[in-house]
Amino acid sequence: MTASPVLWILGSDSDLPHIEPGLEALRALDIGYDVRIMSAHRTPDDVEAVVSSARSDGVKVICAVAGGAAHLPGVVAARTTLPVVGVPVPSNLSGGLDSLLSIAQMPGGIPVGTMGSNKGGGKNAGLFAAAILGVSDTRVAEALSTYREKMAEGVRKKDAAVRASV
Amino acid sequence: MTASPVLWILGSDSDLPHIEPGLEALRALDIGYDVRIMSAHRTPDDVEAVVSSARSDGVKVICAVAGGAAHLPGVVAARTTLPVVGVPVPSNLSGGLDSLLSIAQMPGGIPVGTMGSNKGGGKNAGLFAAAILGVSDTRVAEALSTYREKMAEGVRKKDAAVRASV
Amino acid sequence: MTASPVLWILGSDSDLPHIEPGLEALRALDIGYDVRIMSAHRTPDDVEAVVSSARSDGVKVICAVAGGAAHLPGVVAARTTLPVVGVPVPSNLSGGLDSLLSIAQMPGGIPVGTMGSNKGGGKNAGLFAAAILGVSDTRVAEALSTYREKMAEGVRKKDAAVRASV
Amino acid sequence: MTASPVLWILGSDSDLPHIEPGLEALRALDIGYDVRIMSAHRTPDDVEAVVSSARSDGVKVICAVAGGAAHLPGVVAARTTLPVVGVPVPSNLSGGLDSLLSIAQMPGGIPVGTMGSNKGGGKNAGLFAAAILGVSDTRVAEALSTYREKMAEGVRKKDAAVRASV
Amino acid sequence: MTASPVLWILGSDSDLPHIEPGLEALRALDIGYDVRIMSAHRTPDDVEAVVSSARSDGVKVICAVAGGAAHLPGVVAARTTLPVVGVPVPSNLSGGLDSLLSIAQMPGGIPVGTMGSNKGGGKNAGLFAAAILGVSDTRVAEALSTYREKMAEGVRKKDAAVRASV
Amino acid sequence: MTASPVLWILGSDSDLPHIEPGLEALRALDIGYDVRIMSAHRTPDDVEAVVSSARSDGVKVICAVAGGAAHLPGVVAARTTLPVVGVPVPSNLSGGLDSLLSIAQMPGGIPVGTMGSNKGGGKNAGLFAAAILGVSDTRVAEALSTYREKMAEGVRKKDAAVRASV
Amino acid sequence: MTASPVLWILGSDSDLPHIEPGLEALRALDIGYDVRIMSAHRTPDDVEAVVSSARSDGVKVICAVAGGAAHLPGVVAARTTLPVVGVPVPSNLSGGLDSLLSIAQMPGGIPVGTMGSNKGGGKNAGLFAAAILGVSDTRVAEALSTYREKMAEGVRKKDAAVRASV
Amino acid sequence: MTASPVLWILGSDSDLPHIEPGLEALRALDIGYDVRIMSAHRTPDDVEAVVSSARSDGVKVICAVAGGAAHLPGVVAARTTLPVVGVPVPSNLSGGLDSLLSIAQMPGGIPVGTMGSNKGGGKNAGLFAAAILGVSDTRVAEALSTYREKMAEGVRKKDAAVRASV
């Protein structure tokens, strides 16, 4: 039980910038995480090995990140009963419609909690993982409330600036 | 703290059949739930009141179900830091593409874990709620493992039947 | 009753350039407006407070501007019986198809008058607000007629220029 | 000035069932309306004649209803500065995506307030017309508030029924 | 009867570059053309006047060019029984899917011969107009055959170049 | 020169009902036609033979009808400089979006005048063929004007009926 | 080496009717096949075991059939270097657009030869498997040629029937 | 029998960069190939001549590459019973949705093994051609296994680098 509670698995290291805001959110909430590059298609055995032992290793939520056919989140979900958060990476096809459908349209029995294929998806994956941890961890729940307050303050500052300028 | 751990909020009672497989899954896993009909647009105060106090009432996961513009899951997520599972109901527009996009494409900051707009989405919402509970509840985690084993057995039986007949 | 007749609510200040042509149209028509930055998800109480009192404050039309899941126009419409004009901001997904569907596909009972997710949408929101005011305000109706005449003249000038050059 | 305040123009009489809920809403709100069948493509002169004189005839809002290429709302809007509500009729192509795009994606300068291409679109056109009238007509504004209260009550009754049965 | 046989009507002079290859094709085929900037929504009377008299003026084919809601080709077709070629200009929404659907999905009775919303659409409008003229004009038919031969030679030269280099 | 002026080529005899309204329109306009079943993929030599000699056989317009990948109109257009009208048959994919795109998105050089993938497409193919013939055939042009007048009368009758009943 | 040369793997036995025409085609070509029901998500170990040993068991082509997220073909392709034919089953979302994209949009490195999500996809999978076998098996190549001749004859018979009746 | 086993046919030499990774893969696997530029629409006779004799010339797999209406793969498949791999080139319309649908949605009887319209599609066409050859050529099958091992090593190196840096 030495793993961080949140495990990110990316199909490609080129997806790292997309999830950086999610990693940042976890750091802001003081939640540990690990990041792995593993491919559902090119290193399926590695995915299976890491995911199969994830719960016993101490992982509590897995964020799986992929684009296009984007099988990784479903393949991960097939190997664990931990909650799997799917992050569709924006692609060339309608801005990621393929990524989104390939992750969201899972058959009944194996769910993946899917984020948007927009810019906010990477950040939201981190925050959703935190929300899951917050179900049983009061400190995280309170940190999320504080985080939201800060977001609201940010909106209000912009509102004040616009009202002053328009 | 008297509420069931899983709270379903539906925008319309016509969506009940879509989530019945999810309720059935929760019953099979011996997890309690409540079902409410509340509209993000027609009864927004009711949504706010129920959701704002959900965590203190003992709710741990909220499954929000809606079709078309499908604002309910996002509106619910705006009022709680509990994990919100969004269930897009199939619609007339491309089989629910509007429902899916309206729920999944949340802005950075307020995540919704989105299910598919397919037939399996309602069932998967129940199972995903269970997976979230299973993070800190060993009994649920084990029940999910058993549930998966049964699903695998079901596939294997069909495989045997087909191999015998083809 | 001190508010301007047209109230713009934007989910993000990054959407300001998109609606600037609409603000310009209102200035050309000598119609007052206010601009607020408020988020359906991050500052829902602020939205509710401002919108609930809008009619009594003297607001006559609300233009709500958002992208992606774009719940803001629907959330605004749920809190007022004033006409709400929804402005879908172009996004990465098919150029704003998500924004458009999330705003247009409202359930029966709570309408939002939706503009296009194209470049002209921001301008048209201002003009549509003016058309609504023009129903009972003869000065505005006449200003709109003049505005249209100028547009027609602009087209005719371009026609003449092209005919001269081709 | 003998016309009803709301004028419905339909491209085809086969679209009547789609807008019947909107007519019903107007009757419930005690607002008069007329219904015309006129085609932007087959009887363009009739459309022009009726629309050009609409304001002076006493019309205050025009609801234009069409499917597929659905040019009628835009063609109507080109001939009046009255607010035009566009109602995309569901079609065979993705459930009316063609109708929706053809109505919503107007160029800057000539706005159409577009409803959804879903079942609720016809009803919402009537309610949006009422909201526009309510800007300057206190009786209508109050009738709309009452109408909303009844809708809320309807949702609450269904909620109670579901809570009693589940 | 002094008009050129091919009349181009563009909703905006910003669409000129899109059709330049079509004008070039007509010049190559020695076919005369005129270009007008007229808007279905901003100068509908001008469109009507020019189109209604087009046949008697000697026009034989009209190429109507527009993007987004793109009503111009249909509005033109409503005013003449000459063949109307519709040219959807690429837009922000899926690269012009809105333009294409708004032009192609005409109701039964008023046809528009629609080109693609791709780069080749402007060129093909010119060539299709030529093909229509070629039905009764042997010189044009022969010029088209020669034009095709040159295109084939162009492909064969590229083939030879690639085979030599790969 | 014994062929009818309009040649219909269908990829499958199951598409006959879709074009029956177009055949009916040609009969109403007293224009001759032939109908062939030939497949771009299963009988490509037959397509080539018939199309290559079409002009010299007296054909003036070819209407090519296909669904799904729908290569037939483009394959026909590659073998003749006669105007080719493409008719996308409604399919299971978004109501014929595949058929429409496969026919409309031709590369620059080989145009196909594409009809809608809606119910009206088959009828419009016949009317568009007539419009092409009407460029040089005064009788057809006049028959088309009469046909349009009858359509307008049909709309006006429905208008009168609705006005009497609502 | 006792397996049939073509191995079909279906995610669900409900997909059997979709591929029956493909099985029929293989029988007509006298090519042996096996059919298995195995799920990428519910029985991933079974998929892995069967696919990993497929080549050594004598399998030459695998046809993998799935709908929605449709990960099965990609998951199969990840476990073998045999050619994998992907068969997207029509679904509720745009007639199978999700199935098609989830199978076709594979990342560089692991190809899947994808069929259409239309009715013909199941039949074509069988014929494509045959074409692959025909590369090195003259008997199969000749059987395919005969099969095509019969298809062409079928088209010609329909052509003759239509020409006789129209 | 002097041709290379893999024949690439491109509709345009501008598509060469898209397939360069596929050519590179074939070189890495020591498999010969030829590249031709031939158009289904502009040089149909050339396509027919080359494809009809391909099998007797020693070709074993044809990769056909096209964008937009993208008829080339289907036109090629109509002229041979060799396996045809279709490569949809990314386009302006939703990133190549038109190309993908035009290639994938073939009618029952004439299959095309379709790659993705994404960046990986060109590479995968080469690898899929290799997989087909590997059915009967042990050297190629072994080279493919080695190739995959190298890809897996590449992923593992990136994984190690990310784990070291995050």
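Chains here go by letter, A, B, C, D, E, F, G and H, matching the order in which they are written, and residues are numbered from 1 within each.
FYI, a residue touches a chain if its C-beta (ideal position, glycine included) is under 8 Å from a C-beta of that chain, and two chains touch if they have at least 3 such contacts.
As the structure is a prediction and not an experimental result, all values here were calculated from the model.
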Show which chains lie in contact with subunit C and also with subunit D. B, E
Intersection of contact partners for subunit C and subunit G: A, B
By the contact definition above, name the pair with the higher C-beta contact count: A-G or E-H. A-G
Starting from the mean Cα coordinates of subunit C and subunit H, work out the distance between those two points in Å. 48
I'd like to verify one number: the distance from the centre of subunit E to the centre of subunit G, where each centre is the average of its C-alpha atoms, in whole angstrom. 42
Using the average of all C-alpha atoms in each chain as its centre, how far is it in Å between subunit A and subunit H? 34
Check: subunit G positions touching at least 2 other chains come out as 12, 39, 42, 68-69, 91, 93-94, 97-98, 104-107, 109-110, 116-120, 148, 151
Going by the touch rule stated at the top, which chains touch which? A-B, A-C, A-G, A-H, B-C, B-D, B-G, C-D, C-E, D-E, D-F, E-F, E-H, F-G, F-H, G-H
Under the definition above, what is the set of subunit A residues touching subunit C in their complex? 90, 94-97, 116-120, 148, 151-152, 154-156, 158-159, 161-163, 166
Of all residues in subunit C, which touch subunit B in the complex? 11-12, 39-42, 44, 48, 67-71, 74-75, 77-79, 91, 93, 97-98, 101-107, 109-110
With touch defined as at the start, can you tell me which subunit F residues reach subunit E in the complex? 21, 55, 60-61, 81-85, 100, 104-121, 123-125, 127-128, 131-137, 141, 144-145, 148, 151
Which positions of subunit H touch subunit E when the two form their complex? 10, 12-13, 16, 23, 34-39, 42-43, 46, 68-69, 91-94, 97-98
